[in-house]
Amino acid sequence: MSVKLLYFSWIRERLDRTDETVELPQTVLTVGDLLNWQKTRGEEFENVFQHDKVVRVAINQEHVDDRGVKIEGAHEIAFFPPMTGG
Amino acid sequence: MSVKLLYFSWIRERLDRTDETVELPQTVLTVGDLLNWQKTRGEEFENVFQHDKVVRVAINQEHVDDRGVKIEGAHEIAFFPPMTGG
Amino acid sequence: MTITPDIRIQAEDFSIEAEVKKLTEDHFDIGAVVTFSGLCRDEGGTLNALELEHYPAMAETEIRRIAETAIKRWSLQGITAIHRYGKIAPGENIVLVIAASPHRQAAFDGANFLMDFLKTRAPFWKKEHGKDGTIGNWVDAKDADDDALKRWE
Amino acid sequence: MTITPDIRIQAEDFSIEAEVKKLTEDHFDIGAVVTFSGLCRDEGGTLNALELEHYPAMAETEIRRIAETAIKRWSLQGITAIHRYGKIAPGENIVLVIAASPHRQAAFDGANFLMDFLKTRAPFWKKEHGKDGTIGNWVDAKDADDDALKRWE
């Protein structure tokens, strides 16, 4: 499955990229799987995603609070810290 | 005791006066006494002040909720219905 | 520093923008500004105008007293309250309250509190002028307004 | 009639007056308008600017969704929400929320609710630029903001 990943705020800075398109392994089915897979992609990824409670996820521009949600059908998945707007 | 009385809203209209200066009998000591005395001043006064729960009173521009308050020292006493500003 | 509320009772209309600017200009520690404006409704098209009577000597003093309570209770950085009197047509402004604070909830609460008190404790009375030429219905006070006041106790 | 919230994500500043007028003009049944504006504080004189990053595709959709919830929940007659991005200096506006209703408490609650959600659910992130030239402190999210959200459940 090919999907576009987006990064914001200090996650974007630490990973040094705003977005990327990746091919996910077939074993990555849920948001939780995806967060675990990110940890395997090198030192900076491991550093960012090891405290995965502070990483918020949105699939197709919608918040996903439950890490058990399936990512099937996602075309855009974003990773960001807690929001500080307003 | 000589005091200025003011009237507002439908009380002003019913009594046909915005203000008047009156000499109070020496027996009129409290707000309650004053409301009772007003009832004795003719038919329209009786009509207005008989339902004295709806009549609000301010002494020297301050709300007086307690009818037992002494009116000694008052120079201006206002009568009006519940307010509808804002 | 003592914060002095800016209270005005006037026949003229006001500008929300100008009043917010006046309150916040050169105050770089203000983070939140809440404004409430009360407008004259047309009551389903039956109303020609509201006529607002007030007790001048008492109105400003009373609103100032309430505003000072709000400033202390929520540590506000500023309050403006403007109440109009005279004839006001549907769609026109009647009242403006502004509360400024470093944080949003204090600004919301301060403005909300001040409006509840204005409704029930500020000496203003509204009379309706109907589209059909009738004059004279004084607007009744609402029990709901008295109840609203109690939540601040 | 379906009420459509007016949502804008923009770099430019806004005018409270113009936005209130836009929302209330020709709506003679509106009795109460509450505005909230959030300003950039100078943090005791140490801040040169805030830089606001956002997720464009998500920001408008998310704020619109929340605004539509508020319209339904409080039967509002109108909502405007404008959130700025880019560099914002102390004293400048960051966000504006307006809620219009026949009655005051609905307008207060609608605006308050929308702000609580904006703070914690709208995809914006603030970075501080210090007066001393330092760049890079991302503002931390506050637990108090998450707590504020819970009272609307």
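Labels A, B, C and D are assigned to the chains in the order they are written; within every chain, residues are numbered from 1.
In this text, contacts are C-beta pairs under 8 Å (C-beta built on N, C-alpha and C of every residue); 3 or more make two chains touch, one makes a residue touch a chain.
Quick caveat, the model's predicted, so the values are computed rather than measured.
A rotation of 180 degrees, rounded to the nearest 5, superposes the Cα atoms of chain A on chain B. Taking each chain's centre as the mean of its C-alpha atoms, chain B lies 48 Å from chain D. Between the CA-based centres of chain A and chain B the separation comes to 72 Å, rounded to the whole angstrom.
Mean C-alpha position of chain A lies 26 Å from that of chain D. Shared interface positions of chain D, i.e. residues touching 2 or more other chains, are given as 38, 104, 115, 119.
The residues of chain A that reach two or more other chains are 86, listed in rising order. Shown are all chain pairs that touch, namely A-D, B-C, C-D.
By the touch criterion given at the top, residues 15-18, 20, 24-42, 44-45, 90-91, 102, 104-105, 107-108, 111-112, 115, 119, 148 of chain C touch chain D in their complex. Chain contact summary for the complex, chain C toward chain B: residues 38, 52-55, 57-58, 61-62, 83, 94-95, 115, 118-127, 138-141.
Chain B contributes residues 6, 8-10, 12, 58, 61-63, 76, 78, 80-86 to its touches with chain C in the complex.
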